[in-house]
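Dropping the structure in here first, questions after.
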């Protein structure tokens, strides 16, 4: 066992750290950061800066324009990127595009990659992942899928309604999960501007970090050709897993960066702000909170690194990525919450970035599997292991 | 010991509950509910409805147009009012006006009451409490007060800067805490439209339930006459305590109502929404969260009732109101957080009222004394008691 | 709502407090306090002292030699009694006798009461409640009952094995839950010295406060007459409920007293012991723990009082007593644990009484329904209420 | 970063695992396991078995009869050893001997090593570390040291009283921390059978895993020669740090093993025991607890490994070992506590090993620095880092 970063990892770490500090953080107050994420205009400006810095799409292979990092290097890189809410968007490693690119690279045909992956990796277009449905459809339980894909000659007719579709507004590519007539799930690639796709509305949401916000999207006799099938017919759930395990982990990496940002802001404030005769941070009650922040970030980071290593060995890492998701999502949330508390009035207002990160982060304990679903998966494996 | 509600309390409870359900909840999606609270227009409409229902200003004595409830009856009434984020505003029992009215009734001269309390109790004007200052001024530690009041003849010249002043925008009355030349603190009543008062800006904030939002206010040679002194010269901190102990408790009451709302929304969703073969609420993992919600609300309610009883005995209840503040603010927060979690995607979006309450509620663990300050007060009393 | 203690309650509170302080605490280091509870010899000595003080069997009606307290008065009395681990035994209000007496008084025939209740209430004999069975028998789920009662003529033949039977060693009365041939459960009263009853062994246990410890008891063709049936045939589970709801609450009362003892010992130590330049209790980190102790005890006490009031209204209080059990058992545990932590080395050794209470208390989160069973009961009720 | 175990580590892991399972666990119910730890007789028998298995004194260099493991290999080895409460004693890696040997090897003269280290490493003698004192002496704050060492000619006269001295009864070597006349602390090596050393008593304690228990030891004009000084005169606190940082970490390793044992026992029970129609472990409420156990053990293990790696780089690792201590001691405690809860009545009695581990483990959150002291150390470093 060895916790040393490679020279390349240390170099990337420093470069991203500097890029975020020098180039991205100054843009955080840009008025183009709206309730539904940075505007397309701002996003393109950010992408251009990252491209100039040679830091674009770190998870994509060089063949498609990225840096081709393995999971462990991503752990280092993405944490730095997450230090600003704008960082992942700038570096083109934000959800859902990052996971979509990963899945396309793993599963898509060469033709599909040229059409969708290449411009995605260049940050020219955005994508969305249309899986979650309104009640009584697919949520945490994907088997409840309601959207249908009926084969009509060479084409498929897709009908249904999706919900909480991040980034749909403004996306060019939609990856749509639908149920075949035989009940098996399949993913289709579609141009979001196709007739038959309608963005009903953009939802109000606690977070504001995802370009395009979260949308309700309906498919009304959307026609897609057989060439739009992603991978094999009927293998939709399997591919969702291919997407999910690493996508879940990259979420952890990015949010760890945001937690560290909160902690740094709170720590600096606590070192400076006086109350009751000494600096806030010299009060044990406050100091303990900051110590707990470091303990939480340490646990989150180590579990992320460990799972990244598992994935780099070629394993699926389902158990480990569930553990990392629960540990990291709950630990980073506590960090954000404590940072708000240490900051007091500063923490619940826009005076610092912390309130924004706090609001952005709440959904992290829910998406890519709520803590409860992961705990239940872990429990089922423990039960099975002990029932033999 | 007896936990029976009086017939009058039960009657008020039902009337407020019906009023909220029938009249206020339908207005929650009104577009006039903005980022900085309901508009003045909407507020006046809400007040009119409450007045028509005979439920206005329950904490103010009948002499000044209220219902004259004691603290225990307020506990019942305010919890029901809090069931909607708009409820306290409608019933004219929202912070900071509620606490300001309470303090005016306890301390102000007859003339001051006629000028300020009467229109406040009628919901015709709003008020703000100008105490908190930006770093390095008064926050949790009021002794760090920077704003000064210099006597010049019959007048006082007030200079300084306040921060996180809830409801300042649109308020008619400002209650300003300032330091005399001898260092003692004094409260002054001022018309917010006076020359010398400037609202620098309205702050971005996590919450959106307070009309007027939270503002930065500066005083630049504000002139007030001696008749504007609230109570005795130099007794500002004592009066702040008169305001704080009950104001802290009414916060607890209102937020308990909001927590119950979150819990009800989540419980109903959990009873209906299917996942993995049964209703969400039939999963122990979810059911336990809802059970914990009830345990938390029960503890919060009992500690509120207990402190209300202490206050009704004429005691200051400093120790008890600190306990109630910590218990209720932390318990209701956990309820809101669990409700978000149970609701999943619904919880982090505007699909239900829960996300809004969740955002509104975060500051409650901070204002009127953060949990840490109350714990420290309790600890000091424990230490003293055991050191004798 | 009113939290005032009656004059009688205040008087009893003071008398028990004095009795514990003056008479019982000095006996805590008595060598007759063994691993399986105080010896019968010590117990009789304690009972004699309580009798002399006029404080024996507070929960039993005066007709049978007790003080006839209602539930609310018991809440006050039992908390004081619990301030010493020996207090409940001395005052003859310890589990399981206290609950057994309560049930006998509610259900037994006059003849049964004379034979069993009267000497129990006088502290002359002890009793045990034989319900729990070893795997795969009745534990948290009473429906898994394995012990059988077969009617043979006028008699019943009882066969089975019980486990974790508190106080069996040395008990004169055994209340035995068994399953009839038709599957219904029934309770029988038996002399523990009957042929057919064998105490297999006394179990090692974390606690050492119950006279007789916890035993494994087997019934091998135990013969009991029909007159030994408690109440109606086949109503065993119903009566278990009659016993459980108040028995659960009296547990809460007694353990609250023990928690307060831990807190007092820790608070005094923290006020005296120096570390890093000031008293332990002047360190916020320690002071916050003591503050949390008071918050936890406050919540526990209020929920106990509330449930006692419910029971005094003649209600079963199943929901409320579940809430009180979870709140009180978890809160008092945290108090004991924090007190150990504050005391450091003193806390984990026999230097103070706290380590003993800590060990004694752990099982409280398990018996009379583990927290998980109560949470699930609460959850089912919430689900049902919201599914209508 | 790499989490791979070396072939040697995997081999040792398996060998220790087998040794514990086959040889040590069967002895756990040996009646020679008393309230103050295994008897000397049993200890020697255990040592003989470990020696035969070639697994003795893994942390000592081969030169002195050990396996010479680095910190990372110890992390693997000690966790396996800790799977039984008797394991560390058998393998001669239990506290306090293990830390004492480590310190002797690092600091002692060759002569001192031959006299003390060699027989210690062979398991022929035991040692104790005499640092902690009764109030008002040295506890968490070592600067409060009261025991004095006065130089008289070539000798030192030691006077004072120590407390909570683990293993003193039966120890041959005592390492005594005392204050010189100039106030500097120094460590002395003494034969515990020397005139002037008296073991006043063995304390009652929650734990029962340390041979010799915890004792009160007094020094009354104990005479030691200058050759008994460990290292340099006046450097006692520095050496205590040399001992503490790794000693703290080996504690974490061993206790992690014990936590895993608890979890395994509870998991197997949960997979088998039925309640309410299914296995306990199939209830989410129970399954979540077991999942949390795995999350906690994962975090503990990763933080231990990380700190071991830091120490293997030659760093002191003060910050990291503080983090590992807090994370591991609190996580393993939660694991033990949840395991008790899952086991119900089995958990609070001697029916399984879990109750014993639970009692043994409580002190771990206190010794080698209570969580509060570590949090405060972390906080001070955070403050300093942010104040620059």
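Chains: A, B, C and D, in written order; residue numbering restarts at 1 for each.
FYI, contacts are C-beta pairs under 8 Å (C-beta built on N, C-alpha and C of every residue); 3 or more make two chains touch, one makes a residue touch a chain.
Just so it is clear, the structure is predicted and the values come from calculations on it, not from any experiment.
Peer 1: Keeping to the contact definition above, tell me which chains border both subunit B and subunit C.
Peer 2: A, D
Peer 1: Farthest from subunit C by Cα centre, which chain is it? Let me know.
Peer 2: A
Peer 1: Distance-wise, how many Å sit between the C-alpha centres of subunit B and subunit D, to the nearest whole number?
Peer 2: Going by mean C-alpha positions, subunit B sits 52 Å from subunit D.
Peer 1: Which whole number of Å gives the spacing of the CA centres of subunit A and subunit D?
Peer 2: Distance between chain centres: 42 Å.
Peer 1: Determine the centre-to-centre distance between subunit C and subunit D, using the mean Cα coordinates as centres, and give it in whole Å.
Peer 2: 37
Peer 1: Residues touching two or more other chains, restricted to subunit C: which are they?
Peer 2: Residue numbers touching two or more other chains: 272, 283-286, 288, 372, 375-376.
Peer 1: Could you list, by residue number, the parts of subunit B that touch subunit D in their complex?
Peer 2: For subunit B paired with subunit D, touching residues are 283-285, 288.
Peer 1: For a test of understanding, state which residues of subunit B touch subunit C in their complex under the given definition.
Peer 2: Checking each residue of subunit B against subunit C gives 1-5, 72, 264, 267-268, 270-272, 279, 281-282, 284, 286-288, 290-292, 294-295, 298-299, 302-303, 305-306, 308-310, 323, 326-327, 372, 374-376, 378-380, 382-383, 385-387.
Peer 1: Contact residues on subunit B for subunit A in the complex?
Peer 2: My answer: residues 132, 135-136, 139-141, 144, 163-164, 203-207, 214, 272-276, 283, 285-286, 340-341, 344-345, 347-351, 355, 358-359, 362-363, 365-367, 370-372, 375-376.
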